[in-house]
Amino acid sequence: MSLFQSDEPLLQVHNVTRYYGDRVGCSDVSFDLWPGEVLAIVGESGSGKTTLLNCLSTRLAPTAGAIEYRMRDGTMRNLYQLTEAERRLLMRTDWGFVHQNAADGLRMNVSAGANVGERLMAIGDRHYGNIRSTADDWLGRVEIDSDRIDDDPRSFSGGMRQRLQIARNLVTRPRLVFMDEPTGGLDVSVQARLLDLLRRLVSDLGLSVVIVTHDLAVARLLSHRIMVMRYGNVIEAGLTDQVLDDPREPYSQLLVSSILQV
Amino acid sequence: MSDTAENYDQGEYNFAYLDEQTKRMIRRAILKGIAIPGYQVPFASREMPMPYGWGTGGVQVTAAILGKDDCLKMIDQGSDDTTNAVSLRGFFEKTAGIRTTYETSEATVIQTRHRIPEKDLTDDQVIVFQVPIPEPLRFLEPRETETRKMHALEDYGLMHVKLYEDIAKNGHIATTYAYPVKVNDRYVMDPSPTPKFDNPKIDEMAALQLYGAGREKRIYAIPPYTKVKSLDFEDYPFEVQKFDKPCALCGARNVYLDEVILDDRGGRMFVCSDSNFCEERRAAGHVGPMAADPAAVQIGGSSQEETAR
Amino acid sequence: MPVRLYLNNVGKSFTMHLQGGTVIPVVEKVEFSVSAGECVVLGGPSGAGKSSILKMIYGNYRCDKGQILVTIGDDIVNVAGAEPRQVLKLREDTIGYVSQFLRTIPRVSAEDVVAEPLVAQGASEEEAVEKARSLLARLNVPERLWTLPPATFSGGEQQRVNIARGFIAHYPILLLDEPTASLDAANRAVVVRLVQEKKEQGVAMVGILHDQDVREEIADRIIDVTTFAADVAA
């Protein structure tokens, strides 16, 4: 497990605040994320978790606060002071973003192989045979049959699309992956398979992950640490099983007690 | 290119149709395009007395650079006597009163739709391309804001996604025209819908190349002797089309051929798409395998007599 | 023998916000220590707070008051105030937990579930799986089940898988949460033997054991948790 090998955080978030006009999106959020660590952000719709995720992933500029990231060369850089070219390079090499709706993260009109290969071509890979065999390898790792490599994701089921999106993101071996409700909208059995796959990939690759979910079971299975958000504020944070088994805040207790017992 | 309107009388066309301020605006766009090879310069495209798709971009560029001493050649799919070429040649004969020609080497300005003449162009010539869709990234990325950013950041991975798809679906790069190129190691450019057969000609070409897209309001350019590389993969290098037969009329090899249907019984032949090139060869005594065929002779019949003015 | 674990003035209560903020006191002024090679059993009726103490030591419950000190070589770490990362690190190589209930993970086979803690400590996959198999065999889990995910196993089988998982790796401190409940006599005897082996290796253990016979066999000391009753202390 690579979780404890590094003494230096990968991502440092300082007082991130985002307003939409007078409305608060998220307010004064600070935390460190370590290499190999999975952080779950939980809360109900409108609690600010997606706003926070978008701020962290440079998709939405925060109104105030700073976010620093340790680049591959070891230097700590303020994400909002990167040039657009640096930011794009980061997003398609060192980072991944898994959308809830796979269609938002895939090119639906090009083949599965091209979807996986795109990042490789974007960073200058110019050998068709290599790109294709790498894509094939990754399809295998996300349990998509090789013979689907030339099919468009339009012909894929929801679960397959989601797995394809994951392969597309991981092909460049990113160190940090953002996930926005990656299992939302899938059947329970499909969800279980995807979760297991994610769990394995995350630990095999030593990924750091920030995952937004409203499903506490997903948070329990995947994350080391959890942040509970409400009305744009982080109201409770800590070790995942501690927060879920011994929630302290009224709202956290409500969330935990609302889980359906099967 | 001095085109002061000294012949201008009330009721007549301004020289080469466009007013001088418009030409000035277009020339500025052209100069900027030459300064940044392959970069698409926006310009205030005017309404022209012909529909979009008929070469309004090329016509505006030509009108902006023509001078009274110029000699204009107008081709469409390699041919001087197809509808589009004939009507645009007529347009400039009427509005600029300049000399026109069918002969590639005689022309100082060549406006073309979909072909580049077989004969090498020289550094005292300018070739103007009519462009329908200037943005090579358009089919993969519909947002203009995004494609502009991609050009600015040299973010061209997507172009290879298209080529990858070609190979994955067809076993080879099946794009045969509008084949994307990288100009001067910087901008990816669509060389207009010319067949990829012509791509090697635009690399290090002696003549100045100007590209005009009227509907899309873009002008771009490749200055003389500029490196132009067709995109490809290491293991699927760029290749031009090969024709296994020579031109049926003039016997030329290694030229771009058009298929011509001769009758309704399956008769056909392949002839030079560049009609002027074919005629010159035949005049010089070259004979193709079907040159004696009566049907072929009729099709390949000389249009030389119409050229004389 | 050196002290491995020391609880100092530990207190815990639950505030039930969904029930009008009722405060349920659990324990107060818990104080005891466990040495290497010693097995301390927490005694007292249900609801006395035995399980809560175990969970606080594991970092699963928050500790409101006091310190829970763990010795790692020359270092002493206070679990009560540790960062999540430190707690996870402790769980990986210092504190093991044998709980009653297996939290099954979809599609992971029984032998891999058992082997996982050993792999996390750096053992090779083969070595870990081999040891997992031998433990499963000792605990009489039928061989045909080893490669299947335990989700569909019977309660007893799941429990034995989890015991194997708890015992496979070496932790200087091992917490036993009713490991023998609902086991038959033969398997109880296996667990007793496993605990004794751990003792010999110098592992400090804290357990909750309702089974009188097992308790007598393995306990070096019994601590009556009722003496920490919070309502008395408060």
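The first chain written gets the first letter, and so on, giving A, B and C; residue counts start at 1 in each chain.
Note that in this section a contact is a pair of C-beta atoms (placed from the backbone, for glycine too) under 8 Å apart; a residue touches a chain by one contact, two chains touch by 3 or more.
This structure is a prediction, so every number in the text was calculated from the model and none was measured.
Asker: Smallest number of touch links from chain B to reach chain C?
Answerer: 2
Asker: Taking the mean of all protein CA atoms as the centre, name the chain whose own CA mean is closest to it.
Answerer: Per-chain C-alpha centroids compared to the overall one single out A.
Asker: Using the average of all C-alpha atoms in each chain as its centre, how far is it in Å between chain B and chain C?
Answerer: Each chain's C-alpha centroid was found; their separation is 79 Å.
Asker: Quick one: chain A and chain C, Cα centre-to-centre, how many Å?
Answerer: Chain A and chain C have C-alpha centres separated by 33 Å.
Asker: What's the distance between the Cα centroids of chain A and chain B, rounded to whole Å?
Answerer: Computed value for the inter-centroid distance: 48 Å.
Asker: If you look only at chain B, which of its residues touch chain A in the complex?
Answerer: 140, 149, 152-153, 155, 157-158, 160-161, 164-165, 167-169, 232-236
Asker: Please give the residue numbers of chain A that touch chain B in the complex, ascending.
Answerer: By the definition above, chain A touches chain B via 84-85, 88, 107, 110-111, 113-114, 117-119, 121-123, 126-129, 131-132, 149-150.
Asker: Which residues of chain C touch chain A in their complex?
Answerer: Of all residues in chain C, those touching chain A are 14-18, 55, 59-62, 84-85, 87-89, 92, 105-108, 120.
Asker: Quick check: in the complex, which residue numbers of chain A touch chain C?
Answerer: 1, 3-4, 34, 37, 192-193, 195-196, 199, 221, 224-225, 238-239, 241-242, 245-246, 248-250, 253-254, 257
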